[in-house]
Structures are given as C-alpha cells and as structure tokens.
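Only one structure is covered here, and it is reproduced in the block below.
Here the chain labels run A, B and C in written order, and each chain numbers its own residues starting at 1.
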Amino acid sequence: MDLVIEDLYVQYGSSVMAVQGASLVVRDGELVALIGQNGAGKSTLMKAVMGWVSPHAGSIAIGGTSVRDRAFSHLDRGVAFVPEDRGIFSSLTVGENLRLGAVRRRDKKAVAEDIERELERFPVLRRYWGRGASLLSGGEQQQLAIARAMMLNPRLLLLDEPTLGLAPIIVDLIFDVIEQLRAEGVTILLVEQNAVRSIEVADRTYVVQAPGRIIGSGTAAELGASAAVVDYLGFEPTDLGRAAS
Amino acid sequence: MMVLVPERARTPLILSAIAALVAVLGAVGGPTVQRVAVLALVSIVFVAGLSTFSANSGIMSFGHVAFMALGAYTAAFLTIPAPLKATLFTQLPEPLAFLRDVQSSFVVAVVVGGLVAAVLGLATAPAIARLTGLQSGIATLAILMVVYNVLSSWTSVTRGSSSMIGIPQATTLWAALGFAVAAIAVAWAYHSSRSGLQLRASREDYWSSVASGVAVGRHRATAWVLSAFLCGAAGALYACFVTSFNVSAFFLSATFGFIVMVVLGGYLSLSGAVLGAAVVSVLQEVLRRFQDGQFTGGSALPAGVADLLLAGVLLFVLIKFPLGLMGARELGLRRRRASVKQKEPVEA
Amino acid sequence: MIVDYIVSALGLGALYALLTIGVALLFGVLGLMNFAYGEIILAAAFALYFFRDAPWLFAVAMAVVFAVAVALLSERLAFHPLRGADPVTLMIASFAVSLALQSVARMTVLPRAQGVPPQDFLAQRVDILGARVSVRDLVTLVLCGLVLVAVAYLMGRTSLGVQLRAAAENFQMAESLGVKGNRVIASAFVIAGVLAAVGAVVLVTRQGAVSAQMGLQPMLIGVIGAVLGGMSSLRGAALGGFILGVGTATLEALLPSDLIAFRDAFLFTALIGVLVVRPQGLLSGSKVRVS
C-alpha cells in the first residue's frame, strides 16, 4: 500500500511552519526511513499522515485516496501508528493494552492467535501480562506499543522514534523487530534520529532538516553522493561500517 | 477626532461613550427604559470588575457575584434609616451592634461596599493566586457557595431568606453613569499597568512568564482584589437602586447572567465585557417582555422562557464564537494583532 | 442508636459516591465538569412523580429511561459540538444546559414543587442487632452499593470499561486503535444517566418531593466529591464521595443545631483548602489532569 506525500506544509499556531514543502513516497512493501535532528518536523509529518494535525497545504494519499477524504479510515486501510510517546494507556494492564489493538475484531480465535504471535515476538509482555502498563520500563512500553499496533494486522506501519532514549541492547532488539516486520510484508515508515542504524535497515531514506524540509533521499550510496546530506549528517552514509563502529 | 486622542486613552473613551449612550437612551425613554438603563450601567460596573480579573488572567470566575452580594449588604447597613434598622435587626450580635447606628452618604456606602468586598478578595487571594483552569473555576464557585450559605443562614444579621428593605434610592441614572465611567477608567488603568501587562503575558504562556521572573501569583492576586472592589461597588449601586433585595438575587442565576455578558462579548477583553453587558441587558429586557406576552399579542408565556432563550444564546455563542464578539481585542486599538490563543494541534 | 447512625452514614456515603461517580465519569472521558448533571437527576425525579401511581418498579424503570434520554440529548445538542474545547468552556456550556433544562421543567411540568408520597414499605423500620433501622436507609445502602459494584465491574472487567478508560486517558490514541469514540462517549452519558436515575430514586424517597431546583444539591455533592477524590480516577472519586457522605452524616450528628445551617459553608471552605493544598485531590496519586 503506497503512501504518497506531496508538497506538504504544516503550520503550528499562527507562525511556526513545522513542515515546509515535504514530498515523499513509500511504496508497497518498502521500509522507508525519515531521519533528521530534533525539531526537524518529522513527528509533525507523521501526525499529518494520521490526520492528527491538519496540513496547511499539500496532499497525503494512502493507497491512492487522500487521508483528508471524509470516507477515509486509517483503520479500514490498515494503517497503524506508534507515536513518539508510545501512547500506552497507563490505567490499563499490559494485556488490556494489547487487546485494545483488536477491539474492532470479532473473530476471537484469530485474535487469540495474533496475541500469541506478539507474545512470541515480545516474551517480556507475556511475563508482565496482568501488570499495570505504567509499571513497565521505557523499552518494555515500546515493545508493548509495537505489539499493540501489530494487533491491527496493519499493512502500513508508522513508527515515530521507536528507539528514543532506550538502552543499546533494546535498540538492537527494536531494529531486529523492524526488519522482521518488513520481512513479514508490512510497509513501514520509520522516523528516527539514529541515522546510522536507520540507513542501514531502510530500503530508502529521506533526510529532513529543520524546518521540515527534505534535503536528500535515496539509498545509502545515493545519499553519500549528496554534499548537503553528508554535511548535515556529519558522516558518509556509504561507509556505514566505519561510522557505526 | 480619534487622531487627537492618545491611543492609550481611546479604549476607555469609547467604552465610556457606550455607557453614556446607554444613559442617554435611558433618559429619553420612559421609566421602564430608564430602569433597564440603570441596571445596564450597574452591570457595566460589575463586568468591568470581573473583566479586570478574568480578561487579564485568562481565568474565568464563577464567584464574583459573592462580592456583589457583600457590597449590597454593606450598602444596606450603611444607608437604611436608623429607626427602620432598629426594627429590622433586633437580634444583632454584640460585636456588630454598632451597625444599628451607622449612617453614611450614598457615595461612601458604595466605596465601603467595594472595600468590604475587597477584604473578602484579600482573604481568598492566596487560593486564587495558586490555581488555574478548572480548579480555579471550581474554587471561585465554592467562594460563592460559602458566601451565599452564610448570607442566607445568618438570620440575625442578614435577615436570612427575608428581604433587605427600606434602602433609600440613591443610584440615579447619572450617578450610575458616573460610576460606570469610573469603573471603566479603573479597569483600563489596571489593564495598562505593568502588573496588568505581565498578567496578560502569563495568560498567553504561563510557564515562560514564570521562567522569566514574572510573579504571576502576585499579579493575579492584585487583579483579584481590585476586581472584588469594583464588583462590591456594583453591588452597593444595585442595592441603592432597587431599594429592597433578597439573597437569592446573588446566586447562580445572577452569575449566569453575568457569564452570558462576558462570554458573549469575549471574556478576554474589557471592551467585550462592557459591550456584552450593554447588549445582554437589553436582550434580557426584550426576553422578559417576550415572556410577558408583549410581542405575542398579550398572552403571557410560561416563566422560564426568557432563561431558556438566554441559555440558548450562550450555547450558540460558545459553539460558534468561543472567544465572543471581541476575542482578545480592545476597541480603538488597531495595530495590535489579536493575540488570541490559537488552538495548538494536539501533541501526542 | 449506633447501628442506626452507621446504616444512615454508610447509606449517605454510598449515595454520595454514586453521585460523584456520575460526575467524575464524564469528567474523565470528556474533561466535562457537568453542571447539568443535576438536571439529569431532575428528569428521573420527574418520571418518579409522573408515574407515582404506577407500580414502583415501573416508575423506577421510567426514571432510568428519562434520565438517559436527557443525558444523551444534552450530549447531542450541546457537548458534541464542543468536543475538544477546554474544560472551562465546557463547564460554562454545562451551566447553560443546566439552566435551559431547569427552565424547560419550570415552564412545562414543574412550575412548583410537587409531593411524591413515599412507598409504604420504605417508611417502615426493622430490627437489626436490637436497633430500629429504617427501611429507607437500608434500601439506600443496598441500592447504591449494588450500583457501585456494578459500575466497578463494568469499568474493570468489560471491554466497554477498558475502552472507556482508554478514551479517558488518550482519546486520539484510542480512536486510532479502533475504539469508537462517539459510541464510547455516548455510553458514558448513558451510564451517567443510569447513575443519576438511581440517585434520583433515593433522593425522592428521602425528600418526598420533586422541584425544578432539586438537581443543584446533588450536582454540587458530585463536584465536591470528585474534587476531593482527585478527578483522575473513578475509584478515587467514589472514595471521595463516600467520605463526603460519611463526613456529612457525622457533621449533622455532631454539629450544634445552630451551626447545621452553615454546613455548606464548612464544606466549601474545606473544598477550597483541598484545592489549594492538593489540587490533584486528597486521595489520588501523583498524576493530575490540569485544566
């Protein structure tokens, strides 16, 4: 399912332009990363895709239909979103959070299977099943948030900074899961500050610079060919091995 | 002509002109129109007070009618003739027995009424200084509840649910106009003061004001006490106009009436409050006549129609124009862009 | 004497907890401090008056129907268009709804207070542990207690309860997961309506009359209880209401008779104190939903 954003402008309040003329494409089955520093406008772009903020100008289409279309439903289209703050409900248990991802589904058996699938993927959730979600650590909450999004059986998954503030070992785990999900055929748009790892796992990467302007895009090699991108990132995306070490 | 007036004096002049217009209409109309005009001017004094607090701080108050009540009762004690007082208050407790003999002029009664209200304002200021949003709204309502409960239960002093009677009528049309103009001037003086300016800055962005060293609590308390004074004065003016009143005049339906005024006009703006007071006073009178059957060929409609329509107007305004007619603007000030709080897109 | 006091204090506590939950539920889900809650109670009370000659259970059922209808109607006409407005705007709007409903009641069916003769069985007394306890107090306790248990079950154990709690915490996120926001909000109003109706049944049997103004007192009780308990959780709110009820019963038993008239002044002064010292409520944890 394609996500096509064209010439998007998003304004906060009356003055701050958070996204300025961004265009990007995520093709069906692709894993696309969007990287850039804090405040570059990445999260705003995500929220615009979800319809949580209204764009000032430009268009966003998923599967050929504008998300601003009255009849458009993110749920029916299979769009799942893991926001930056993870959106965990602290007054619910881990299990209740997870089940909430299947709240629309009536096929009890399939739901049980999907829950089992996610608990296999994130064993820690099985251990803390009946516990209040607010008691989880940040990394555990992130796993719960991704598992819950996967309960929607999404075709397009939007991940906003899934490794922000997490311990390196958990960061590895999350990136492993992201690659695994891509292998399962989920189309993914990944917003990250961890440029090195993102470029590594993504099919293509867009580089955003504040205020919300895309300064380059493509594979690691293509990014490396752009002087502006190399200058902004501070390393050559083509030498990922060296940069990462 | 506007060019000759310094910009900072334009708003109060325009608002005073509106008050004067109300008075003139009252003077040329019949006794009923005059009555409406005086009550409208008293309302202007009240909303000037209310808006001194809520327009500058951005906090809505549901409790200012309590100040009005204190002003009214104070004025009653100061102006009811002593012989009548002796028969009305036979059981005054000892510390308050002096009230039986005090007697003052109208103007003194209005000022003292304001001062007594300001004392309550001072007593409650520490709480108001600390609270915002809904908590503040509930706290102000609680103040009204306490005052109402005391006034309606302390029978030996307030006559409880019996009316206060025999207050000499002293609030003439022109006296009301004078006080309205004075109240507008006081409210505007605070609006233009350093304290008012800093308080409005905190309304836009509380934390950055605090971070830049603005003592928001102190400014809030200042505005609160000043607004209590003005509303107390409005209560005294009211008492000296209607000559007899009941404690039920100072409860939720009065509160509601004033809320309609400031919300309709725009509760972040003094101009909005004054305009709202003028417009809603007329509206209330029209609705009252409508209810009495003046427009339906003499057949009176059931009591409650006027309130129902007023509630409908308020809901309509809240839904369609949540910031009222004026938003955060003031009449006569052109260049400043409306610094209305834009609804921030949801952060999540 | 002691047993009598305990039953009546617990009964009042349960009633106040019930009223508080109705207020706190709508606040939790919508940020709405609903002043019109009193008029939802009024609608139910009117049904009890209107069907006073019908069998009691039928009248109670109609009370539920009336209350739920008025609750849903107020949501549709006033609060739905204001979805997402700040809590103070919502509070002003609910003020308007309250006045409008009260006016309608005064214009049409309740221009003055009307008596509702109490059911005979409620006026009797029974022996418990040697004390003569009034059936009315027992019914209050049992009815309110049962409803509280039912609400606790609904909120804690059912899918609707999970969705309500999720929507209360993060409406947008809940919707993005498939929680039907409008339906959840409507069901919150339905629950509030049912709670109001049960509250009305108890209030009418205690007061023996209905009037257009009768909603004010229970609404205020709900608001105070919710603030006391901290508006962030229903459990806290229920506890706040319960303590308020027991406290009120105790105040009435202990206060000298010439001070009982000032009970509300004491209560509201205490409320301001609580707001200042602990804006998140006496009983709640750390988190507070500010403005």
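Just a few scattered comments:
Going forward, a residue touches a chain if its C-beta (ideal position, glycine included) is under 8 Å from a C-beta of that chain, and two chains touch if they have at least 3 such contacts.
Just so it is clear, the structure is predicted and the values come from calculations on it, not from any experiment.
If you take chain A and chain B together, the chains in touch with both are C. When the interfaces A-C and B-C are ranked by how many C-beta pairs touch across them, B-C comes first.
Distance from each chain's C-alpha mean to the overall C-alpha mean is smallest for C.
Put simply, the C-alpha centre of chain A and that of chain B have 53 angstrom between them. Chain centres here are Cα means. That of chain A falls 43 Å from that of chain C. Chain B and chain C have CA centres that are 31 Å apart. Annotation for chain C: residues 170, 172-173 touch two or more other chains. Annotation for chain B: residues 346, 348 touch two or more other chains. Residues of chain A in contact with two or more other chains: 52, 83, 87. Put simply, chain C touches chain B in their complex at residues 31, 33, 77-78, 81-82, 85-89, 91-93, 95-97, 99-100, 102-108, 111, 170, 172-173, 216, 220, 223, 227, 261-265, 268-269, 271-272, 275-276, 279, 290-291. Interface residues of chain C, counted against chain A in their complex, comprise 159, 162-163, 165-166, 168-170, 172-174, 176-179, 233, 287.
By the touch rule above, chain A contacts chain C in their complex via residues 50, 52, 74-75, 80-81, 83, 87, 89-92, 96, 99-104, 148, 152. Listed in rising order, the residues of chain B touching chain C in the complex are 59-60, 62, 124, 126-127, 130-135, 137-139, 142-143, 145-146, 149-150, 153-154, 252-253, 256, 259, 263, 301-305, 307-308, 310-312, 314-315, 318-319, 322, 346, 348.
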